[in-house]
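Chain naming follows the written order as A, B, C and D, and within any one chain the residues start at number 1.
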Amino acid sequence: MADSDGMRDLVDLKERLRAFVAERDWDQFHSPKNLAMALSVEAAELVEIFQWLTEEESAMPDAARRRRAAEEMADVLWYLVRIADRLDIDLLQAAGEKLERNAVKYPADRVRGQSRKYDEY
Amino acid sequence: MADSDGMRDLVDLKERLRAFVAERDWDQFHSPKNLAMALSVEAAELVEIFQWLTEEESAMPDAARRRRAAEEMADVLWYLVRIADRLDIDLLQAAGEKLERNAVKYPADRVRGQSRKYDEY
Amino acid sequence: MADSDGMRDLVDLKERLRAFVAERDWDQFHSPKNLAMALSVEAAELVEIFQWLTEEESAMPDAARRRRAAEEMADVLWYLVRIADRLDIDLLQAAGEKLERNAVKYPADRVRGQSRKYDEY
Amino acid sequence: MADSDGMRDLVDLKERLRAFVAERDWDQFHSPKNLAMALSVEAAELVEIFQWLTEEESAMPDAARRRRAAEEMADVLWYLVRIADRLDIDLLQAAGEKLERNAVKYPADRVRGQSRKYDEY
């Protein structure tokens, strides 16, 4: 069964999600607008797991909390991959380009140990 | 230069982000709590791109809007990969397990063409 | 009983929430940072109610959905009033000042019927 | 000038926002779905102000940060009042009803000093 195999990479995930959605005729709901909303809702469900914890506690979640976090993160990734598919965006390429831009915006020797946004420097 | 190579996969991205953060001594800010907040802020910036568009318009963004969407999606992926690294979660595995669970929760022949949540069925 | 009286205004709500929180010794969790996170989570729960609906459907919710929306909106207002209390901000005054600024930023005769952000004009 | 008067209460704010929107013919964009999205985006902009601060720092913002927080909170209130207007929901009444429900869900003598959600008790 395809679904029980390990997930190979983001392309594999994209294709399996595409099939999952097609079988359910859910493409009609999957406008980028709706998918972005859904992604933000899943992001909030991830935030909810940590919101009343201290930062230290959030770094040492018990098994149940860690499992819930993994589930919400899977949901975020699902919608991210779906939007990328709808807009024909290569997520890894976009992440790589961002890395190059941020290396310029935040020179290591200038921002070391500081959390301010680049426009505050 | 490592940064200008293409990004190979999520493991490669994880490692490059880890190096990027270490060079800037930003690990101190990267508690799962803070990273989840940051992810949700980036998700909202993605939502903002589409919020006043119709669903149809959101599916046909012009080049500038599509580029902004790709940037925000890269930001979401960054933080998602960072949290997964901090919590030692395998994102692809989590996404695959979610696919199996959702195949059970939303049987194709029962939910076809409907957008209700599974607990409304 | 104070709690069963009608809520008079935002000042009344602020004071009742302050008492509610003090009785539970929850002030320790109510940093502006945590409250802002909590507010954003409640905002997402409001979004979730409408996310798969069309815009038209969202304007005609059935009684159950409308009641859920009212609950989530109450949660948003709670946290908003709590943050305002912690930062000593007058919400009505802030809303009034925003109205004045927006009247300047978005002159009616220039933006009529258009949804673009002011920095796109 | 009406706009430069002080804002009296939430009803006054509702009416001024209604006029502001009508003058710009923006009602067409103000479906509850869109307004909820917009509210969540403003909530995220509030979160962004505090995200890299410690909880302690977030409780002592400098004047600039406090002013930005007040602006984002005004935006949240705007959209909240707009959605309430569209769905004919009385925000103060909803907040009061929530207070009564939460007084039952979270008995002070049981939850004192603890931040867990009620379903974890």
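Definition applied: a contact is a pair of C-beta atoms (placed from the backbone, for glycine too) under 8 Å apart; a residue touches a chain by one contact, two chains touch by 3 or more.
Computed from a predicted structure; not experimentally measured.
> Per the definition at the top, count C-beta pairs in contact and tell me whether A-C or A-B has more.
Most contacts of the two pairs: A-B.
> Can we say the copies subunit A and subunit D touch using the same residue numbers, with more than half in common, or are the two sides different?
same
> From the C-alpha centre of subunit A to that of subunit C, how far is it in Å?
Taking the average C-alpha coordinate of subunit A and of subunit C, the gap between them is 26 Å.
> Please tell me the distance, in whole Å, between the geometric centres of subunit A and subunit B computed from their C-alpha atoms.
1
> Scan subunit B for residues touching two or more other chains and write them down.
Residues 29, 34, 37, 40, 43-44, 47, 51-52, 54-55, 115 of subunit B each touch two or more of the other chains.
> Tell me, which parts of subunit D touch subunit B in their complex?
By the definition above, subunit D touches subunit B via 29, 34, 37-38, 40-41, 43-45, 47-48, 51-52.
> For the complex, which residues does subunit B have touching subunit A?
Residues 3-10, 13, 16-17, 20, 23-26, 28-29, 31-34, 36-37, 39-40, 43-44, 46-47, 49-51, 53-56, 58-59, 61, 66, 69-71, 73-78, 80-81, 83-84, 86-87, 89, 91-100, 102-103, 106, 108, 111-113, 115 of subunit B touch subunit A in their complex.
> Tell me, which parts of subunit D touch subunit A in their complex?
Within the complex, subunit D touches subunit A at residues 37, 40, 44, 52-55, 115-116.
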